[in-house]
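Chain nomenclature is as follows: A, B and C, assigned in order of appearance, with residue numbering initiated at 1 for each chain independently.
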Amino acid sequence: MLEARELIKEFGDLRATDDVSLTFGKEDGEMTFIVGPNGAGKTTLINLLTGLLEPDEGSVIIHEKSENGTTERDITDMDPEQRVKTGLVRSFQVVHVFEEMTVRENIRTASLSNHGLTRSFWSLSDEHEEVENDVDELIEQFRLEDVAGDVAETLPHGDRKLLDVAMSFALDPRYLLLDEPTSGVGAREKEYVIETVVEASKSQNVTTVTIEHDMDIVREYADRMVALVRGEVFREGDPSLLDTDDELRRTLLGVTPDE
Amino acid sequence: MIELPLFIDLGDAAVHTLNGIFRGSILFMIASGLTIIFGVLGVLNLAHGEFYGIGAFLLTSIATFFVVRIAAPTDPLSTAIFAAAIVIAVLLSAAILIPIAGAIEATVIRPIYDRAEMYQLLLTYALLLILVDTIRIIWGSQPVRPAAVDGQQIHAALDVIPMEELFGFQYSSVRIFTIFIGIGTFLFLLWFFDRTKTGRIIRATAIDREAATAIGVSSDRVFTLVFALGGFFAGFSGALYSVSAIPATAEMGGTALVLSFVVIVIGGLGSIRGSFVGAILVGVVWSWAIAEYPPAEIAAPFALMILVLLVRPEGLYGAWGEIE
Amino acid sequence: MSNEDQSEEKETIRLMKGLHLTKPQLALALVGLVVVLLVPEIEGFFDNLQLDTFHNGILWGMAALGLALLLNKTELVSFGHAAFFGGGAYGGAMLVNFVGVDSGLLILFAAVFFSTAMAFAIGWFVADYVAIYFALLTLAFGQLLYAIAIGSPTLGQDEGLRLRSGGEASGDPPSLFGIEFTLQQQGEYRLVLYYFTILLLIASMIVMYRIMKSPFGSALEAIGQNRTRARFIGIPVERYVWGAFTISGFYGGIAGGLYGLRQLSIGPEGTLYVFVSGEILFMAILGGFQTIIGPIIGGIVLTFLLDNVRFLTEHFELIIGILLLLVVFVLPKGIWGSSEDIKNGLMTRVKNPAQLGADVGTLQKMLINAVRNAITTIKIILFGVK
């Protein structure tokens, strides 16, 4: 279970997150979607959780199940790369891949890191069987077979998004934080991208936290929904709130109910 | 053996410090150009020190031209005329660098803005080599000074401030003027970038090239202007340095370049204030090292740089990358 | 990786794990090796081919090879690599002068140790920085070492140090593999050192090849292409850059140590000055920093030019500068890196000599455009915009 405890982050006068406390993955594999208007602090929250930003106050905690109940582990001061090793993995809204590598090399590099092999300077990158198996599997799972040998920067946008997420999956995530996995993807490809991502998460029982603007996607796939407004948690609960809670609808969609 | 004096004569201390501020003023005029060019164009110009060198050599030629034609200063009037001639020589030397720098930017630097840093560095390094040899071809490999006036150096002929009577120690008036010019340049640049339209346009271009183009600013022209401006100030400082009776050498550009880097790292890349504070610090440390422990002459500024980096990795005015 | 595809298409010979060559490549490599080994024998037949130049070229090339790891993988430009070349040379020389050691191997060991330690220390400072800041800081640190060497009476200031016994001008060269050499046997000494250099060259090329193809190499490449993403796939970015920088310094140390042994007398101007750093960078790019052989070729070619142009004209820096401009604009991938393009270009021109005329035309157009551009710009600056 991943917990944000009373997180506060300020940029100048602006409170990007204002005392946000949330827990994700009370049950393994829970899919939480974060919604909210622009500037609500959604990306800041993910940045705080994954260590791209340091909070001004509050902490990030991982609850680990062990034989004698659960133990708390405070990861607030951990570097991003250390957090990755605890299974806390993210993707970016703007695609972050290694542009001059092929799709295969991209995923392979992530997988080498996951297997703790990047310190090896005498073996060959492509000779590790366990890595190659993982890479093959991910390429298949994310349906990147046709472009596996292509250089990342030449890929169509949807494939780049998938590659970004595939690299995250190469790290064997327990908590996967996805910052708008469908942003910039055309309407037709959107469904395909999100379905692939959801499928992969379900099959590996990964707890996901996804920022999403498309409410249809949230309704269809969310186990739970969190609405952030002006840096605060505005609503938290079942995605059906999107249809039943008028105040939430007003804030999110600018829809005024009939008066 | 190293002999550190137990106590230092106050007059000596003042001279060392003034020398430091003098060197700092010279350095500031070079480093500020370098930092502005980087801030706007995104290119670290390794050939920048050569503009300073060319300025110094130009002055030796132009000043010599005047010196042999103008009466030596004997009374207040002839001193004023002589001083005016030297001021014109300095300005002329610096002005000649405007077309030189502008032409260099337009021909060889403009095509490489989108290339990787290593090519940008390599290209400006190539320019450095070419300019160093050009200097040697024109002025020879030996150190050059402006012609003497009545058997004394220009700066001695212009010692008009009675330092001995006023403060009790000798100090070159030309150097005092240079210090004031350095401070003046600093204030001018602050005013220019903060208050003038052109300055604001340059800053806008530095922050967002495309947006500036969209509102009708020709980024090509801004870049050439900035590069030429940098060349002007570097040449200006070279000329001033040369007036102070320090012989111009083909190697002076390289030394100045490296010290400018130290200044920039200390001050924070892109910061004009940082350049000024850094330059004065480096100048003073450097001068004291020369006076008190000469073997550390070259190493002292670097030691200062490492010290600053340990405390503030982004430099004193860490504005890295943006003009401020 | 492109090699994988080729290995499926063409028949290759496996030299070692991960190193496959086609038959023509292998033949070329063997010919190259034979030529390199024969240089001492054939130097007398050609006026311009001196063993000294060739040997030094290889050594500079080894330093450039170390730099190529940073350029190629992490995409960081170190403009202070003379620190490690010179650091190696001085490290060895200090052992001779202050400890009185005369074993060449120990001297080389000290050289490598010293420069690696130096790279370790400087790397700690610079690993956090990227792009131009990295270049700026490495340059400044390189100059710091130069400043120390030229300022310190212990290190001989601008005279430098000798690696002969007792640090004397007439001292014997160090011993190699237990063989003592007298002053008169300097020729033999250099020959032994040359073959030893070739051995180390081949070893260091193989090691560099493996590093570049290893998971560590992939991680460095990832860092070069996207630091943030590299961090978020769990790569400790700064530590790896630090590691690569240290390896790079290690290469500089071997090269500099051997250079000291070869020259038997070293000074700050020739090993530590900022221009030396520039030359090492130039060599890596001139030969092609994306290959293993490129930097070595770059080293040999530039050293050859520097040594020979110096005799032709006083103004060799001008010639080198113009050459550099050409490399930046015409051959950005370097001699070896563009060998395919060069070959194809030559073939077209052999088949169709008229192409040459067109080339001259293009060149003319480029020059005219550049000049016109410059004139317009100067007009604008001097007389304002009309």
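Assume contacts are C-beta pairs under 8 Å (C-beta built on N, C-alpha and C of every residue); 3 or more make two chains touch, one makes a residue touch a chain.
Owing to the predicted nature of the structure, the values given are computational and were not obtained by experimental measurement.
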Most centrally placed chain - per-chain CA mean versus overall CA mean: C
Chain whose average C-alpha position is farthest from chain B's own: A
Chain A-chain C separation of Cα centroids, rounded to whole Å: 44
Chain centre separation (chain A, chain B; CA means) in Å: 51
Centroid spacing, where centroids are CA-atom means, of chain B and chain C in whole angstrom: 32
Parts of chain C lying in touch with chain A, wherever the complex brings them together: 1, 4-5, 17-18, 210-211, 213-219, 221-222, 225-226, 228-237, 240
Touching residues on chain C, where the partner in the complex is chain B: 71, 75, 77, 79, 125, 128, 131-133, 135-137, 139-141, 143-144, 146-148, 150-153, 157, 274-275, 278, 281-282, 285, 314-318, 320-322, 324-325, 327-329, 332, 370-371, 373-374, 376-378, 380-382, 385
Partner chain C, residues of chain B touching it in the complex: 38, 42, 44, 46, 98-99, 102-103, 105-108, 110-112, 115-119, 121-123, 125-130, 132-134, 136-137, 221, 224-225, 228, 254, 258, 261-262, 264-265, 269, 294-299, 302-303, 305-306, 309, 313, 320
Chain A residues touching chain C - in the complex, by the definition given at the top: 50, 52, 79-81, 84-85, 89-90, 92, 96-101, 105, 108-110, 112-114, 117-128, 149, 167, 170-171
